[in-house]
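First chain A sits with chain B, and in the next complex the same chain sits with chain C.
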Partner chain A sequence: MKILGDLFRDYRFIFSFIVLLVILILAILSIFSPYDPTLWNVVPRDMRPSAEYWLGTDSNGQDIFWQATFAIRNSLIISLIAGLVSRVIAILVGMVAGYVGGATDRILMFISDSLLVIPLFLVFVMLAMLVREHMNLVVLGLMLSLLTWPWDARLIRSMILSLREREFTKTAILSGTGTVRLVLNEYMPFTMPLIFSTLINNIGFAIGLEITLAIIGLVDLMTPTLGTMLNWALFYQSTFLGRWWWVLTPVVLSLFLFIALYWQSVSISEYLDPRTRIQRVGA
Partner chain B sequence: MIFLKRYLIPRLIQYILVIWLGITIVFLIPRLIPNDPVMRMISEMRARGSTLEPGAMDGIIRDLTEMYGLEGSWLDQYWAFWGRLFRGDFGVSFFNFPTRVNQLIATAMPWTLGLLLTTTAITTIVGNIVGGLAGYYSRKTWSRVLDAIAMVIRPLPYYIFAFSLLLLFASTLVFRWFPLTGGASLGALPSFTWPYIKNVLWHSFLPALSLTVLGGAVTFQTMKLIVQNVNAESYVQYAKLGGVTEGRIVGKYVIRNALLPQITGLALSLGQIFSGALITEIVFGYPGLGGLLYRAIVNGDYNLIMGITVFAIVGISTAMLIVDLTYPLFDPRVRYY
Partner chain C sequence: MTGKKQPILRTEQLKAFYILEVQGTQKIVKAVNDVDLTIYENEIYGIAGESGCGKSTLLKALFNDFVPPLRLVSGKLYYRINWEKEIDVTRMSPEEMRQLRMEYISYIPQGSMSALNPVLKLKETYKDFIGSHLGSQSREEIFELAYKQILALGLPKNILDLYPHQLSGGMRQRVTIALASLLKPRIMIGDEPTTALDVVVQRGVIQMLRTIQENFKNTIILVTHDMGVHANIADRIGIMYAGKIVEEGTTEQIFGNPLHPYTQFLINSLPKFGDKNVRHSVPGSPPSLADLPTGCPFHPRCPHALEICTQQMPGFSYPDENHKVACWLIGEGKHEQSA
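The block that comes next holds the complex of A and B.
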C-alpha cells in the first residue's frame, strides 16, 4: 500500500494509471457490445456523434464506439503476446550471454546487434507479404515479438554481467547452488524491474508497429484493431469528407495509450531504481 | 598500428558480418515459408488484376525462379543469389514491368537521402546542444518545460506522430497550410531554379518536421540524462571551484564528454531512423524509398521490396561504419590505445 502511495505522488503515474484504467474498461466493454464487429451495415452510415451513437457511425455502417472497444481489445492482445514472448527471448538470450560468456556471448550479442542495425521493418514487410493469408492476432503478435527483443537482451546481459561479479554469486556457487537455480532464484529478482519496464515499452512499440502495418494493408483488415480502424477511415477519405469523429477515434485513443504506457514505465522504473532510468536510455 | 588492430579491423569485420547476416535473412525468408513463393507472387499479381501478355508472364516466372534461385541445392541457390547481388542486379519490378528495380531505387533514393541527411543532421546538432544545456541547467524552468514536452513526444511512433501533424496542418480538419502529399507539385519540372526548390521545400516541410521533432526528442532526453550524470563527476565540481567560466565547463568539458555515448547511440539507432523515414514518407506520399515501398506493397511487388531491403541493409551498415569511424575524432583515448 505504501508503494502505491509513493507512486501516486508522481503526476505521470496518476495520469497514466487513469488512462490505462479507462482503456482497459473500454476493452472489457467489448463483451457487452450489441453489434458483431465483423458485420457491416448494422447501423445507418456516416452519422455524427449523438446520444444513440456516442462516437458516430462509419461508412461501413458500424458503430464507432463499439468498434473501438473491439479495436482496443485486439490491439492489446497482439501487443501482449508480442511483449511477453519477446520478453522470454530477451531474458533467455540476455541471461545465457551474460552468464556463460565467452564465444556464446559474442555470437548472441553479434546476432542481437545485427538485428538492431538491419531495418527490421522491411524484413517484417517481406515476411508479412508471404504469410498474409494466414495472418491473425496470434501470428501477428508472434511476428512482432521476433523484432523487439535485441535491445532488452543487451540490457539484461549487462545486468547479469555485473551481478556475476558480486560476492553473493561466489557464495552461492561455493555452497553448491546449481546454475539454473542461481539464475532463477538469485538473479531474476534483480532483473524484474528492468524486465517489467521494458515489457510496458514493448507493448507500446508493438501497438505502434501494428498500426503501421495495418495502414499499409499487411494485416487482416476484417479484424478491428486501432490500425485497421484507421486504415478504413483513410480508405473512405474521412479526412477530406470532414468525418473527424471516425478518423480521430483511433488516433486520439492511440495517442493517449502511447503516452500512458510510456509514463507508466518511466514512473515505475524510476521508483524501483533511479538508475534504471539511465540504463533504459542506453547511456 | 594498435589503433588499427583494436579499433578499425574489428569494426570492418563487424560491418561485413552484419551485411552477410542481413542478406542471409533476406535469402531465407521466402524459403522458410512453406508455399511456393513464385506461384504465390503470380497469384497475388493476378488477384490485383495486373494484365500482362502471356510472354511477359513467362518472363516473370523465369525471372522469379532465377531470382529466388529455386533450382539446385540450397547452397547453389545461395551462391547464385550472392552472385546476382554483387552484380547489383535485383531483377525487374513486376508492377512497372520492364523497369529494373535498380532504376526505380535510383530515382527514389535522392529524395530519401536528402530528407534523412537533413533531419539527422539537425536532430543530432540541435538535440545534443539543447539537451546538453538543459542537462547542465536542469533546475531552470525552460529546461523542465522542454523535458515535459519530450516526455509527451518521445513515446509516439513515427506513423501516429506524422499522421497527427498531417491532420493538424495539411488536412481540411484544422489548418491547411501545407500540401497533403507528394514531393513537389504535379507537373513541376525538376530544375535548379528557386521556384522549384521552394516548391520541394514546402512539400518536404512536414515530413522533415515530423522526423526532426521525434528524433530530436530522443536525442534531447538521452543527452540531458548523460549530462546530468557527467555533472555529478568530481572534475566538473573541481572546475567550478577552480573558477573556470561556465561556458567553458559546459562546452569543453561536459558536452564533449557526454557526446561519446551519443555517437554510439546514433550509430545503433540508424536502422530505426531509416525505418522511421520510410514510414513518414508513406504518410506524406513522399516520392522517396518509402513511397516506392508503399507502392510495392500495395501491388505485391516482392522483387522491389527485396531490392529496397537489400539496399537498405548495405546502406545502413555503411552509414553506421562511417559514424563509428568518426568516433576517434571525438574520443582521443581511442586513438592512443
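The block that comes next holds the complex of A and C.
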C-alpha cells in the first residue's frame, strides 16, 4: 500500500493508471455484451453515436461500443502473451549470455543477432500466411513473442556484463554468494527497471504490429481486435464517407493505451531505482 | 616470537597469470609470479607495492578465485582450517570454497560507491550474504548479532535501512568491515580499505580493524600502497614488485632497515616531521607485467644495478631473523636458488 502511495505522487502515474483502469474495465465489460461479436447485422447499420448506440454502429451492423470492448480485450491478450513470453526468453538468454560468457555467449548472441538483422515485418507476414488456418489469439501472441526478444536480450546481457565487472560482484563472490543467488538477488533488482520498460515497450510494439498485420488482412478478421476494427473501417471507406466514430474509436483507444503504457513504464522505472525515487518522493 | 605461531595461510611458489588470446597471439601477464607467503595466526600482515605490481591479483589468488583469463599456473595454496592440518584449497570443489568464504576467510572491499549493491538496502545485502551461509532458523539470531555488532562498532542503528549511497565514505567503509567480520572469520583480507578516506577517518577505520583483530585473535591481510597505514597497523610487511615479493620483514625491520633498493625508495619518499629535504620518488614507472625485463625486474630503475642484475633473478637471502630480501646487493654468496 505504501508503494502505491509513493507512486501516486507522480502525475504521470495517476494519469496512466486511470487510463489503464478505464481500458481494463472496458475489456471486462465485454463479458456483459448483449451482442455476439461475430454476428453481423444485429443492429441498424451506420448509425451516429446516440443514447442507444453510445459510439454508433458500423457498416457491418455491429454496435461499435461493444465491439470495442472485445477489441480491447483481445488486443490486450495478444500483447500480454507476446510481452510476457518474450520477456522470459529475453531474461534467460540475456542473463545466461552475460554471466556465463564464452562460447555460450557467442552461440546465444549469434542466434539473437541473426534474428535482429532479418527484416522482422516480412517474416511476420510470411509466418502469418503459413499459420493462417490455425490463427487465433494465442498463436498470434506467441508468434510476436518469438521474434521480438533479441533486442531486449542484448540489453539485459549488456547490463549483466557491466554489473559483473562492478566491485560489489567481487564483494559478493568473495563473501561466498552462489551464482544463482548472485544473479537473482543482486542483479535482478538492477535489471528490473530495464525489464519493466522493455516489457511495456514490447506490449506497445505487439499491439502496433497486430494492427499492421490486421490492416493487411493477415489475421482472422472475424475476431475483433483494435487492428481488425480498423481494417473493417478502412474497408468500408469510413474516412471518405465521414463515419468518424467508426475509425476514431480504435485509433483513440490505441493512442491512449500507448501513452498510458509509456508513462507507466517511465514512472515505475524511476520508482524502482532508489536514487531517482529519493529525488522525487524523498522516501 | 613468530616462531611459536602456527601458519594459517601458506602459498608455495604461487603463479597466477592472465592468459589472453588476442587474434591468435597469446599474451601472458605475470601478475603473481612465484610468491611464497607464510602468514601466521593472530597477526596483521601488510602487502605493499605500487599500482600495477599484482597486489589485487595476489588477493584474488589468496581467495582461490581464478576466473579466466586469470589462471593458476602452478604452485599451491594452503589454509589451515580449524587448527587442523593444512589443506590445499586449489583442489577444493567450488561449493566447498564458497562455504569457506566469509565464514573462514572474508573479504573487506574498498568502501567505494560500488562495493555494496547500490540498489539494495544494506539489510538486503546482509540478508543475501548471510543467507548464503546459514539456514533460515539461525538467520534471525544473526540479524540480532548484526544489530549488536553495528551498535558496538559505533554505527547508527538505522543504518541497515539505508542504501549505500546515503552513507558517507567512512561509514560505508566501516559497514563493509562490519559485514566482513560478522561470521568471525579466521582470516580477513582487506583491499585498500583506507584508500580514498581522509586521514581522520582512516584512523578510525584502522582502529576498528585493530579492535576486531584483538577481539577475534584472527589474521588480517592488508593490501595497500599507503606505507603510513602499514607502519601503523601491520606486524609484518611484504613488499611486492612486478608480481614478486622482493622483501619481507617485521614492520620495524622494513622501516628501520630497508634493504631492497625499491623498499628504500618507498620508505624515503614518506614525508617526516621537521625534515625539509626534497623527497625523491622511484625513478621510472613499473614494468609491464606482460613484458618483464630479464633478471631482476627492478634493475632498469635501480641506481645500484650490477651486471648480474640484468641476467638473473636473485633468490632470497636472510640478513636477520624474519627478514628476507631478494637482491644481489645483499648477502653475497648466500642466495638460494631462485625458481
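Keep in mind that, in the parts below, the second predicted complex is superposed on the first by the 241 of 283 C-alpha atoms of A that agree within 3 Å, B and C clash if a C-alpha of one lies under 4 Å from a C-alpha of the other, contacts with A are read in each partner's own complex, and residues count from 1 in each chain.
Keep this in mind: a contact is a pair of C-beta atoms (placed from the backbone, for glycine too) under 8 Å apart; a residue touches a chain by one contact, two chains touch by 3 or more.
Nothing here was measured: the structure is a model prediction, and the numbers come from that model.
Residue contacts after overlaying the shared chain place A:G204 against chain B, while chain C stays out of touching range.
Contacts of A:T177 after superposition on the shared chain: chain C is touched, whereas chain B is not. Of the two partner chains, chain B is the only one touched by A:L255; chain C is not.
Legend: residue contacts after superposition of the two complexes on their common chain; A:I111 is shown touching chain B, with no touch to chain C. By the touch criterion defined above, A:A103 lies against neither chain B nor chain C after alignment on the C-alpha atoms of chain A. In the superposition on chain A, contact is made by A:G242 with chain B only, not with chain C. Of the two partner chains placed around the shared chain by superposition, neither chain B nor chain C is touched by A:I31.
Within the superposed three-chain model, A:A51 lies out of touch with both chain B and chain C [touch as defined at top]. Between chain B and chain C, it is B that contacts the larger number of residues in chain A.
In the superposition on the C-alpha atoms of chain A, the part of chain A touched by chain B in one complex and by chain C in the other spans residues 278. Contact residues on chain A toward chain B in their complex (touch as defined above): 12, 110-111, 113-114, 116-123, 125-127, 129-131, 204-205, 207-209, 211-212, 215-218, 230, 239-240, 242, 244, 247-248, 251, 254-255, 258-259, 261-263, 266, 277-278, 281-283. On the chain A side of its complex with chain C, the touching residues are 102, 166-168, 170-178, 181, 185-186, 189-190, 273-275, 278. Partner chain A is touched in their complex by these residues of chain C: 63, 65, 68, 98-103, 106-107, 109-110, 112, 114-120, 124, 128-129, 131-133, 163, 165-166, 176, 179-180. Listing the residues of chain B that touch chain A in their complex gives 14, 17-18, 21-22, 25-26, 29-30, 33, 35, 37, 40, 44, 151-152, 154-160, 163-164, 167, 171-173, 221-222, 225-226, 229, 261, 265, 268, 270-271, 274-275, 278-279, 282, 293-294, 297-298, 300, 302, 305-306, 308-309, 312-313, 316-317, 320.
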